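The structure under discussion appears below in the form of structure tokens.
Chain lettering (A, B and C) follows the sequence in which the chains are written, and residue indices restart at 1 in each chain.
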């Protein structure tokens, strides 16, 4: 998200999955939609059939998606930037770039050109392992077949330079002129149907809901929206300084438990942890997570199923399991990767002792003494909350609706205003009138609306914005320029406002800054003023090839921390060490040891399979899913397996330089011999838990709650490595060695 | 590691079906042998012994075989009541039910005819019915398997169970194992008489056994030739038939086929026959005991033939994907050359 | 012989006997669309409570991990000229007027002949007593239950769901992520396939006996 936000202004998928039916080329890099977004394959395959779209799959593995691609290119894990720059280099050399878009709507193309010049075909082929012919083929294909879209997911982001990788994807689309058009865009496919909503409503340590950040102005905006005195909020924190300092991330919170507080960005270690719908076996360096879980004073695990958190640590007490209801037991809204909001209906009342998340939250707030403020906002209290919520399992639908209304009221920055419960429910009723390619409604009371009212939906009559940054339709229909997030001028004096002609019709014909206070004016006057004048409230700016405020302003290739190529480490080293990032020290160069390449000669990559999702305490408790994929395994190329004396079905140890008290950490897994991976890479699915370094933890589950299958967690052996900007874990590229068990 | 059930094994998983096929065709063979011996050469003592032995061997064979068959069913009680339940007269299972239903009483009657010394004409009438019925019994075990092709137009689903070869193969095997079983019975009778009866009575049994052995040798030769033709036909047949040929002769079933059936059931017995003949005619040392080994090997070979054929039934004719699937643009040509749009 | 009343939703009770059923229900699996997501397998198992080890529908993958990787889902294909129906000694297998092939578990004697006749391996035999009998045949029912009173507890226990009687299509086709597996009237399916084949520009010939078993194969 940070990658997208730092180029365009918003951190989200720019087009939508149905829109792929308009594409004439689909570049899928670092993503496996056939396994992880099966429904999206409907749209991709339709594009392939009807538009004769060229589908290109770029991945270290020949995935199920690659099987449908017109062209498959195998690249070494972590070498996305050279690959993309290699493409851009060829595009510029042949004059295939979209000069108009570059001139009118981007900043510092010269800076990009200078960087890209380093990536000639020879260099790129050496770094990535792809052949020069393949790279040239892809460059030609995506240039000849426009509009084209680029699709990615964790394969692009889970690297120590993941944010930079994402920015290069955006740059490619800008250079090709594929932004703001149907069939184009930068389409990151985020996970499940509520994932975009999680970050939108503030699920991050560096921001309040709506990406306002945590500076004083952000707190003051929300103090107003929540109708609580700003001073009261300040008083809840130890100090104002800490209040405005980004907290720990999910990727590395455990360092806050394990490290000496002097090394931390706060003066005390973390003592208590609440895991709320979270799987610890999804975290890299899980051995350190285990140690932290053993050191904590209090652990609370809130989930419908008993997760890895409960059984991983060796401790006798201090873990509390609170059964939460599933999404079938409560109504609510969810925002998916398309930025669509959909209303979920309740199917059944919470079963057994489960309570909905909202009920648990309000009960906690009540017992901790701030219920009054919690259920209250500028418009009043949430309806339907009884006098005491002890033992209340769920609230009526009107309470949940009021939660969404609070978001509608307060999240103005990204335009969450128009997605009211009424409009969402009405869309559900009229789902049949929405056309499949454009998601636009034809007829009925929803005529003209876009399915899901994708944000930004500036007012309660705005139809939503399915495709971001389109300048061919007026703002009232969903048109937008790029966001003018960084002011009217760059530090070097160049303009950051869009050029003449690059603006949605019905308003000014060139760029303009953001409407003053549009994000903090809770009366919506600022937004309405902008819309009345045909202007986008967030301005009309330029996309940045050079994001001067984050490290590497123009992205450049950096080898993964665990790289198999010492020669490339010298030439393309990782970042300098960072003293403190999200309250923990974040070394880079000092962690990159070229000698690992010899001791651990095999590239380790991790990922998902279609049968499971995430930590999978839930999926591994489904007998049907487990029957399809019953065991943890490692995918190994036949040559690699035979070199180690292994055959299909044998047990082996995978060891990595992840330090488990002075020895390498390891997992014992079965070998699946397949040509999906190349002879230099192995793949571990990360869904399993319940076995640690060969020892089963099944007996630690409370009676009757153990899942049908347990296995080693891939993350026991994944190693240190975090993104420079977001601290996202580098689970896609590590090193390991194999031993016959 | 996906545990996808592709084709379930059923008949090969337990002992029931191979043993039924073996015993059923053995019973058919022995009844035919006995009936023929009785009709054609009943006056001579050796052939009378042979016919009697055959009559007695048939009964336990068909009874145990029949029980085996019934207990492999999910509902054996319905198997016993087959006249009521088996209504699909086009199915070989139904036909087979009636064949067994006719064969069993007839073989019991024939055995009784010997044991209770029925008049010779009655006995010969029974034999006259028994000869063809026995052949039908052995042939039918082959038809039972190879009828898995019922859709008109030459579609084999199980390439190994070829209806042109399998029934005759089972019939010939029925004869050879029949001779072996009778020969064994004669030898045993002879040995018993040698120890418990007045001297001189054993010799006829032993000479009957030798005649049986000779006839067994002839039928083994016929069987071996038929197997050769069968394999030759598979080797030049369709994709599926070639796969079946490979499975049988080079694949997983190869040890069972070559060592279990060909070596044990065909080659070794024939070799022993030659040795016996040589030792008897040229060196004049009749070693009747060697015939024990020969007959036992033939029986073992016959049983292993049935097991191998049933296991080979798991190989199905490969389904070919539609031509419209190939070639996949940018990906390449189909994995099997010759497929194409 | 056990007389079981077969309730056929399409035939009008007491009306003129139709020579042809209004539709002939079929499956079609588009191998250019199947992504092996397993949705059909899970939906079927869940809808019909299929015992472990039995796969009424399964996805087969060839050339896994290599160019040419292709997937196809294999349910019972409800053949118009079904070999299983032809070989069953007790006539336990039968065609409904709408083309669905079903087994009468009361009549089935568990001989396994249908298993050997079927080119797709659709008949399967559960071991235990989960379905009320010792090892009688179980297979895909096109989510049309069996020869019992529709929606009765007996039908549910022996055969699984009866979605056809509710006017719905089988669970597997309903959840297919990419519309690779399509179910419905044979003519309608043929139209869909024609459209797709024309769009793809590939040569003719989708499924058919000649393609699968033609000369030389």
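In this section, a residue touches a chain if its C-beta (ideal position, glycine included) is under 8 Å from a C-beta of that chain, and two chains touch if they have at least 3 such contacts.
Worth saying up front: this structure is predicted, and the values here are computed from it rather than measured.
Chemist: Average the C-alpha coordinates of each chain, average all protein C-alpha coordinates together, and give the chain whose average is closest to the overall one.
Modeler: Central chain: C.
Chemist: Average the CA atoms of each chain to get its centre, and name the chain whose centre is farthest from that of chain A.
Modeler: Greatest centre separation from chain A goes to chain B.
Chemist: Once you find the CA centre of chain B and the CA centre of chain C, what distance in Å lies between them?
Modeler: Computed value for the inter-centroid distance: 36 Å.
Chemist: Using mean CA coordinates as chain centres, what's the gap between chain A and chain C in Å?
Modeler: Using C-alpha averages as centres, the distance is 41 Å.
Chemist: List the centre-to-centre spacing of chain A and chain B in whole Å, with centres computed as mean CA coordinates.
Modeler: One centre to the other, that is 67 Å.
Chemist: Which positions in chain A are in touch with at least two other chains?
Modeler: Residues 67, 72, 627-628 of chain A each touch two or more of the other chains.
Chemist: Multi-chain contacts in chain C: which residues touch at least two other chains?
Modeler: Counting only residues that touch two or more other chains, chain C contributes 32, 67-68, 70, 200.
Chemist: Going by the contact rule already set, what residues in chain B reach two or more other chains?
Modeler: If we look for residues of chain B contacting two or more partner chains, we find 4, 331.
Chemist: Using the touch definition from the top, list the residues of chain C that touch chain B in their complex.
Modeler: 1, 31-32, 53-55, 58-60, 62-63, 67-68, 70, 72, 81, 83, 86-91, 107-113, 115-121, 123-125, 133-137, 197, 200, 202-209, 211-213, 216-217
Chemist: Touching residues of chain C toward chain A in the complex: what are they?
Modeler: These residues of chain C touch chain A: 32-33, 35-39, 41-42, 45-46, 52, 64-71, 177-179, 196, 199-200.
Chemist: Can you list the residues on chain B that touch chain C in the complex?
Modeler: 4-8, 10-11, 72-75, 78-79, 82, 84-88, 90-94, 97, 145, 147-153, 155, 157-158, 161, 238-240, 313, 316-325, 328, 331-332, 334-335, 338, 341
Chemist: Write out the stretch or stretches of chain A touching chain C in their complex.
Modeler: Listed in rising order, the residues of chain A that touch chain C are 34-35, 38-39, 41-42, 45, 49-50, 62, 64-68, 72, 610-611, 622-625, 627-628, 674-677.
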